[in-house]
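Have a look at these structures, which come just after this line.
Shared between the two complexes below is chain A, which has chain B as its partner in the first and chain C in the second.
Moving on, here comes the complex of A and B:
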């Protein structure tokens, strides 16, 4: 009796939507029905499943049954994948040495949309630009960096400690209290006292969350979003406090024009002559538009191995805007602004 | 004054007044025309037919007056008088307009006017200072950014990148003479040995040269066997083969030591078939005792 009923349902599955019943009866009847109906009615994707072609999980209204069906589907997919893998491995072993080389897995870095402003190392125009931009004075060893670190109004403990630790990491850096002064008034005073950089750490809810880095004699101003700040005492297995030696600087992965200018900005924070005796290194590593800052002490165990030990604070930066002159949010000329709707739409496109 | 008392009876205590805000200690009145802001018999603009207030609009203060004659015309009920910008003159104007009014209204209007001018001055002072701009965060975007940052951190493999960069700099010689690591050249020669047969021949020549210095010819033959054996069994990472061959001379063992030093370094990059846990090869000396019976057969180690 039930068999008769299900046969009828089978022929109707293409038209009717009584999938619930169909599925339930199908589940029970499967062992009998399969050899008969498999070839004719269903064009099943796999040997195990017997779903009609217009079947879709979202049409099952009952949550439990839908969930069950979904789990089944996943299991079958997994099985297929495993079989495919085994087959491929067997073929590969069979061929032995003649097997074709393994495919390189796709990563986001591999699939990155090519940016036309990527700097070619031999590009003359870029070299010329870099010879004459605002940092050329530094890179020609004419000036020594002198950094002023301050915060937004009324900083809380974490921000204050962060500023102090930054001042130990960056040689020749001074921390000053903000006391409600306007940046536009601070800047001429800094220039007159020969500062080369102004760094303002913005704070929100007792945690530093933004940084404005302004190169002083009319240099560019970069505004970053700061995240994941780890102070020195929160680091695991850290070393002793950094000494007064000038650290080396490592800049990784700054590939486009914008990335280059930001990289030079970071490089100009530190003095030219790193003290190799101090064995300290500050790293700015750009990955997918996030700039990771780390401060390590290294030691060469032999010429093939080096041990690094993290001292110092760590934080990540994300560039929000780059403005041409010194800090002027209203009338400044912006070289680059992060526009969320345009720039965040593709997951493979990066700007630094 | 017709039915003010009645109105006050109703809205003040007994029934509901929509402008009244009750708190634990006081009642407030939310009516815009209320002078004091409290819910009193004298301050209620609904329960008083004759009433006066001061209100400000876009930085200018106005005196509003309500008299009983206009009670029937709600559209014209409030008379609006613009007060002067000058504080003293405005006070005089209030006095003039509210002449013959009860003292209470004059007093309260002047008080309110004073308060208003004070806060207007404060507004003007604050706008000259820095304005704090609040930028709203979108939760979805923040979550997305956090997740992307975590993934980027994993993809970055910072420690490896930093170590690689430092080793690069060491190789290029930016550190000058600070670190003396023994002989780059010898290591490079050892690396070549593992790769090609031509370089093997070179090495043999080198070693022959060394041995000639020491003057032992038999040594060379053994070395040849060792070299080829090593290259055959290279993948097995097998030191025991070279050890099993009888070597009485310490120099042989030294040679094997050095080869061992070089080879683990080179082989660590390639595949090492694991015999149990991966052993860290250190140079060591194994001393073989020559047996009087037939020598131990040279067998491939398992």
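Moving on, here comes the complex of A and C:
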């Protein structure tokens, strides 16, 4: 052990020496290699794919050396980018008012592949289709929503609390314990008791991970993947608990025909007449096929400024399938099924 | 309207009651409907060709009306009351010697004669899902449904079915296998019948053999098979299921030859072209897709804004042959020029449109062809189909040289 200690001292200096040595050797080697490398690297950078094939980082077998070379390359690139940016800024300042407008940066939403099923607001056929579909009873104000929330069998604490909080957010919602009952048997009973929605939160490993939303008389069934569930006590700077007022509903960015169907499904969960007195709003925001649910309370401080407090649970949904008819996963007909290998091949194509 | 309907080679019926015609060459879809009086109970349940020349489309609606649409005139010419909502949806429409055969879900198969004389009625059992007519023996009709086995009926002897299929033996748990026939097709040049079931089975029956159980049985997938279609080359069948999966199955051994990708929703209508290796499919995802069966790639995809129920492919050659010929050619050819398949070439117009039809051309029949789309209302000349093929070649060669 003492040997080790002394050795340690020695090895300490030794290692530093060796490190320095390594660095020195590397530095020595680098200038040795550099003119060749830099030259060739620059050549390759300038020529693109030059012939005969020049040096490439992947041919260095030593991981440390390769890493160092890569870091150097990145630093070079960053320096060049900064120089370019400074040059452009200088030119822009020099031009002053005559400068051309700034380019819009490319984002995935900008580059989205145009979906031919995007709904045109003046389309008669789509208007007729929507006017006579399964939700027409709600949108013609003939029924009031009544939601039954339940879970998969034997739920754990987190899912139970999630369901309770959902029931406070959605007016006229009732939570029932599942008791191992079959959904196909629950549905006729719900219909006879005038429920309009059946919401089943599926749980896996003590965490909610799926949702089946079934519109009741004979309506479509949507199956979602639930992620990022934050319960009320996990939220920072939240407001007091939501009141019994009917919230307003915001549906963002549901542009395609499928998006319209899902948007209408969410809209039919809430009663028609929002109580503006309550100042509560539920938002379903669709971005890149993920639907983000948020529940806020707003207050107008003056005419231009609004303050919002987030209440209530927050979660994200991703549509897995939309089935025509009430829940029947084996024999039902699917209107849309998410097929990963066919539909997710392009990063710029979205379906909602 | 007439112009648009004459261009269409694919006809699709939707859930909103609109008949849509699609012209694949122009990549356009047209709606043929009376927009003001659209109701959901006019939903198109089945479609069939009204005549062998494919100039009339028969549409069976949910409220029990059968409408006739003329493709040449572009309007609905006739509408008859053939049942009502209480009897269920139409599950099959067919035409036999100017009388109409309809079948509804409650099992009532009726033969409506022209002039509203007595209609023959057969009760085929409840829960019928499909009724199909044998294209070669037009008085034979097959029906099948949920807990309703495949039955083959002869309309000239309507008391009893010629052939009733027997259910397969109990499965490995000794439980009765449930019956749910979803679609039926008659194999050409033989007596055999192919069915696909809601329990993802495909079965081949042979009424001429002594066994009433299926001759061949295969399974595909885990979801109910909704439709099937027989392509031009024998010994294979294309099936579609509720999940949007289309597969080509081999009927000799019962193996999967390949799957067709692209559909996102349940397949409701499927039809193969009689001669070309082309498949048209429509479904709940509101798209009409045309695939090539040889390499299983997508050829055309058209967005129709409503959910689609049935599709009809006309047997006109989908590949159009264009020959540009100047004005100075005589309007009428000196010799009758028709090949075996009924292709006839026309001269004396700016653009030429050669269309073919695979109908058996008898010596008395005539095939009409139209001048090209540059002048859609151009001269329509009918030529008797009696010329041998060798006489056309010099004319065609001349036309190509002129081009």
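Throughout what follows, the second predicted complex is superposed on the first by the 299 of 352 C-alpha atoms of A that agree within 3 Å, B and C clash if a C-alpha of one lies under 4 Å from a C-alpha of the other, contacts with A are read in each partner's own complex, and residues count from 1 in each chain.
Assume contacts are C-beta pairs under 8 Å (C-beta built on N, C-alpha and C of every residue); 3 or more make two chains touch, one makes a residue touch a chain.
None of these values were measured; they are calculated from a predicted model.
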Exercise for the section: Overlay done on chain A, so just call it for chain B and chain C: clash or fit. Expected result: fit
Handout entry: Touched partner set for A:94, first chain B, second chain C, both or neither
Key = neither
Handout entry: Which partner, chain B or chain C, touches more chain A residues
Key = B
Practice task
Figure out whether A:335 sits in contact with chain B (first) or chain C (second), or with both, or with neither.
Solution key: second
Exercise for the section: Classify the contacts of A:132 with the two partner chains as first (chain B alone), second (chain C alone), both, or neither. Expected result: second
Exercise for the section: Scan A:116 for contacts with chain B and chain C and give back first, second, both or neither. Expected result: second
Problem - Which superposed partner A:324 touches (first chain B, second chain C, both, neither) - result: second
Exercise for the section: Determine, under the contact definition given at the top, whether A:142 touches first (chain B), second (chain C), both, or neither. Expected result: neither
Handout entry: Touched partner set for A:257, first chain B, second chain C, both or neither
Key = second
Problem - Shortest CA-CA distance in Å separating chain B from chain C in the superposed model - result: 7
Exercise for the section: Using the superposition on A, tell me which residues of chain A are in contact with chain B and, in the other complex, with chain C. Expected result: none
Problem - chain C-touching residues of chain A, taken from the complex the two chains share - result: 116-117, 123-126, 128-129, 132, 257, 324, 330-337, 339, 342-343
Exercise for the section: Can you check the complex and tell me which residues of chain A touch chain B? Expected result: 107-109, 153, 180, 182, 227-228, 248, 250, 252, 276-277, 281, 283, 285, 287-290, 292, 294, 296, 298, 300, 302-304, 306, 308, 316, 318, 340, 344
Exercise for the section: Using the touch definition up top, name the residues of chain B that touch chain A in the complex. Expected result: 129-130, 132, 141, 144-146, 148-149, 151-153, 155-156, 158-159, 161-163, 165-167, 169-171, 175-176, 178-179, 181, 184, 187, 265
Handout entry: chain A-touching residues of chain C, taken from the complex the two chains share
Key = 16, 18, 31, 35, 38-40, 198, 222-224, 226, 242-244, 261-262, 264-266, 268, 284-286, 303, 305-307
